[in-house]
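Note sheet for the following structure.
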Amino acid sequence: MHCIGIDIGGTKIAGALVDAGGSVIRQQRLPTPANDPDALIDAVIGLIEELAEGEEVLGVGVAAAGFIDAQQANIIYAPNLSWRNEPFKSKLEAKLSLPVVIENDANAAAWAEYRFGAGVGFRHMVMLTIGTGVGGAVITDSKMLRGGFGIAGELGHLRMVPNGLLCGCGQNGCLEAYASGTALLKAAKALASSSDPAGQRLRELQSGGQELSGQEVYSAIQEGDPGALGLLQEMGSWLGQAVASLTAVLDPEIVVIGGGVSVAGDLLLDPIRSAYLEHLPARGFRPELKIIAAEFVNNAGVVGAADLARVSLAPKVN
Amino acid sequence: MHCIGIDIGGTKIAGALVDAGGSVIRQQRLPTPANDPDALIDAVIGLIEELAEGEEVLGVGVAAAGFIDAQQANIIYAPNLSWRNEPFKSKLEAKLSLPVVIENDANAAAWAEYRFGAGVGFRHMVMLTIGTGVGGAVITDSKMLRGGFGIAGELGHLRMVPNGLLCGCGQNGCLEAYASGTALLKAAKALASSSDPAGQRLRELQSGGQELSGQEVYSAIQEGDPGALGLLQEMGSWLGQAVASLTAVLDPEIVVIGGGVSVAGDLLLDPIRSAYLEHLPARGFRPELKIIAAEFVNNAGVVGAADLARVSLAPKVN
Amino acid sequence: MHCIGIDIGGTKIAGALVDAGGSVIRQQRLPTPANDPDALIDAVIGLIEELAEGEEVLGVGVAAAGFIDAQQANIIYAPNLSWRNEPFKSKLEAKLSLPVVIENDANAAAWAEYRFGAGVGFRHMVMLTIGTGVGGAVITDSKMLRGGFGIAGELGHLRMVPNGLLCGCGQNGCLEAYASGTALLKAAKALASSSDPAGQRLRELQSGGQELSGQEVYSAIQEGDPGALGLLQEMGSWLGQAVASLTAVLDPEIVVIGGGVSVAGDLLLDPIRSAYLEHLPARGFRPELKIIAAEFVNNAGVVGAADLARVSLAPKVN
Amino acid sequence: MHCIGIDIGGTKIAGALVDAGGSVIRQQRLPTPANDPDALIDAVIGLIEELAEGEEVLGVGVAAAGFIDAQQANIIYAPNLSWRNEPFKSKLEAKLSLPVVIENDANAAAWAEYRFGAGVGFRHMVMLTIGTGVGGAVITDSKMLRGGFGIAGELGHLRMVPNGLLCGCGQNGCLEAYASGTALLKAAKALASSSDPAGQRLRELQSGGQELSGQEVYSAIQEGDPGALGLLQEMGSWLGQAVASLTAVLDPEIVVIGGGVSVAGDLLLDPIRSAYLEHLPARGFRPELKIIAAEFVNNAGVVGAADLARVSLAPKVN
């Protein structure tokens, strides 16, 4: 039997019917109804019904950015959707005849990698999803680490620097403030608007009168512009330092780097690996982990959400 | 049936016969044979045989400071005992007719708290043991977090300050460099040898010509000396900042503070609580955890080691 | 003979006729012509002519926020006025029959304190002007420290935290990012928009729907609100840490704290003093400096600019 | 007429008769009498008498590591010589018929560079002397910056990292803790005793059973060993960051790098230059200073001390 995975993003909702092997049978996308919770719920229900049509479906996993509670039923806090304490599971189940589990989006993506992608064959995995923010997920001993209140794995809020850069979470110095796509773009804008010769190419790429865009930064990286590459390396260094610190806590076998920024590949991964080694506590007296790129390109969220629903709805032996 | 717990410290080896409810039936101590691995193994075997005499024993748990591998069989690295890659389990089992599991000492102490002490009733617990160093242990979903290579939960090596104080692990800025008993004593010595008026009482307590001792610092704290209390509060602040950062990763329900320095009670715990709240990411948008003192005074290591052996040797259902 | 002092601020231009004892004979204010350099020059000339009318005037000192060159003739960079490499002295002298010297505004304010205010009787003084930003000035051996290119004393850009908060200068971790009025307001807004109980009073003071204003933060401080006072103390702690670091470089006898935020008096100065002592290198083995409040309320800029013109235009003996 | 310069080091006392052009006419060395203040004074007097014999001498400048008071008469604190509040000038003058001025050793070395070496032609110079510690000196507008209590220019105690590495001055995070010869050796020892492949060559150079020596580190650098060069570059980066921060305060035209470690030349200077540019506040909107190596090899201390005595004893015009 198949499961349905739904991934609610800031601009679009993706949905897929997924089989037990992680293959997408059928998929669909909708724009996210902005600022209208009821319309969003209706849109999700419509999408599920469409995907389920004519199929026997085991259940639905819904991934969203935010804090999900330990029962995987309620959204405690979703900054993008302006939701607090939203009983999302019960609202969906009230209109559907299918069981629903709610999941954090970074957890869903990590689960897809763990089961069908870069993490296959490992039991202890950490994933960092470098997009607008820095999402995190921890799989220990083959289980998703959820924590006491459901919100473990918020690795973007590991503190890197006391009194450091402001983070959207209200604190200072979080990893996300140094190593997200947003942080990269901010650093690139600062470089472009300075007189630093390293910002020369970024200044050229910037369309007249407008602020630098993420796309332009990405072009500069692909061209091999030393200025933009320097920023990417610095970002990688912060990520590697975070991996070293996380190793002391979690001791994973593997760290998977995903998200939009990870398309930079080894240009990002090599600095991560090198900073990890440089900052690893008791280096040389312990095994060293692997740092690799995510394998999924687009469907990690829906595939992971569907498979987590499958795991969560499976009969328990003990 | 009972289990035996052994706790190998730098100066003494403690052993106890422990029942299924965590009660100590019988116990014994020996001095640690210094720098002689074979003598140490013989001493541990002698202790086990003595404790086991006339009893039906399920198995033995041996706790030691250091990195234990994921099979709980080999000591990868034990700085105090100068051991690397020591096949401790097989050496002991070769001379005993009992199954043996090896365990990190901070894990053993945390397990005692989790099963029979401050952590009873919780499923997601973090423990920080503030002794000479800072030991750590993580229990998630009622299981000891071991990680891919057996050395998860080394929370003393979470990095607090980039380019910060030197740590014994070879890195800079680890929690242990700011919040261990050693760090407290070092700070107290510096204060006593300065001209700072806040060091007045420490200077008086210091025996003529000798360096300040940990006992003298403890006396100053108990007297309420503002200088010594200030150092303790600073130490508590670092621990609270670490708890806030760990919350992002692990999201525990409870943090237990143990070890020799924790006898300071709320003088230490209050600054931990207050720094935790001040540095908690997304404070106000999530539940807050409890920070409480350990309940065991002396036997956490042996009781936890014995009970972890029991858990580890129990028949598996799935 | 009198001198004229002009102080060009972001919103208004102040001018005064000042005697050799630092007393204001006559004064005048105008709004700053926004974004129109020529209009600004005309306004300054009009103001000078009005103040000079019927008086024998020795010369004119003009203070502006920005980098002034070593010849005190050209404005290298004035962020608020969008000026770069502006030959301000020659433009003014072209239309006036008076000698003109250009001066940094924080230098002018410090000179007024040094000659006629809090710094009287000292020869080595540092001043920190805490307004929107953090202005600085250094007087060593009774002379204004100008540096090789005219831009010494930019004390707001002493780095306090590697990889710290972003500063308007393009760097991270500058003092100004932690201890300016802007930084205080930013911290207060963050506290008010959190769920932290310490932000309760700030939330009440905030007018419905609008962002917190500086005036509301000031009210909270005056009421003794612990939340707002905590922010002020933290700001004071950063300033004291900066003073300790500056002492290693400059070894002044006295530090004068001025600017809008300094009206908080000892609520700000006490935390500065205490952090200075805590962070002073080789404390106890050296004299300790005085940290006191500025005495001028409004006219420091014009009085200092006028007197610096007098000093600068005086005949040189050697 | 000639002056005599004396430079009291931890292991030897150097003395020279120096002419008005900075040339050494005659020189002499003695071992420093350890731990015996009276013997040291006698040794210095003997050395002066010997150098002065048959010459008409204007005066004597004596350089020593430590805090010298503003009257250049008393040694407030000299850690190496265990002196506090030593009236050195009067003790020497009591037994000599020559005027004596006391000077900090880093100031003396800087003055030699300023007058006769790398700083010729500039008026605003900073010098960093990288030896066992980090000495500093500031020349502004052609004058030695002494500060209100005589101890300005202690640039090794500029704070680089809050809560950073311990410094001998009792504080944390001082430049000296990151960029002195001692810091370099400590970092090299740590690298050699780790399992890090980058420490391979240092491990080979280390004589069996003994700790790594400074000479061995220097050999590794000269061979081009990437591990040792990496440490030197990191040290250079800290120095460059310090120069950037000092620029905000002092705005010098030139920074001279001297002391034993500076023999590494551009291997050290290039990382200093590059970190300076990267961390310069308002980069691109201001002139950039020069960073160059010291020219004196051995005699900077005695030549500078002698010439500072000459300047100090010259008749004053104003």
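Note that the chains take the letters A, B, C and D in the order they are written out, and that residue 1 is the start of every chain.
By our rule, contacts are C-beta pairs under 8 Å (C-beta built on N, C-alpha and C of every residue); 3 or more make two chains touch, one makes a residue touch a chain.
Molecules present, by chain and UniProt name: A, B, C, D = Glucokinase.
These numbers come from a predicted model, not from an experiment.
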Shared interface numbering between chain D and chain C [over half = same, under half = different]: same
Far-end chain from chain D, centres as C-alpha averages: A
Chain A and chain C, separation of their C-alpha mean positions in angstrom: 46
Centre-of-Cα separation between chain D and chain C, whole angstrom: 34
Centroid distance [mean C-alpha coordinates] between chain D and chain A, Å: 52
Two or more partner chains touched - positions in chain B: 160-163, 170, 194, 283, 285
Parts of chain D lying in touch with chain C, wherever the complex brings them together: 67, 76-77, 84, 122-124, 136, 138, 140-141, 143, 145-162, 167, 169-171, 174, 241, 244-246, 248-254, 279-283, 285-287, 289, 317-318
Residue numbers on chain D that touch chain B, as the complex places them: 160-166, 170, 172-173, 178, 190, 194
Residues of chain C that touch chain B when the two form their complex: 162-163, 194-196, 277, 283-285
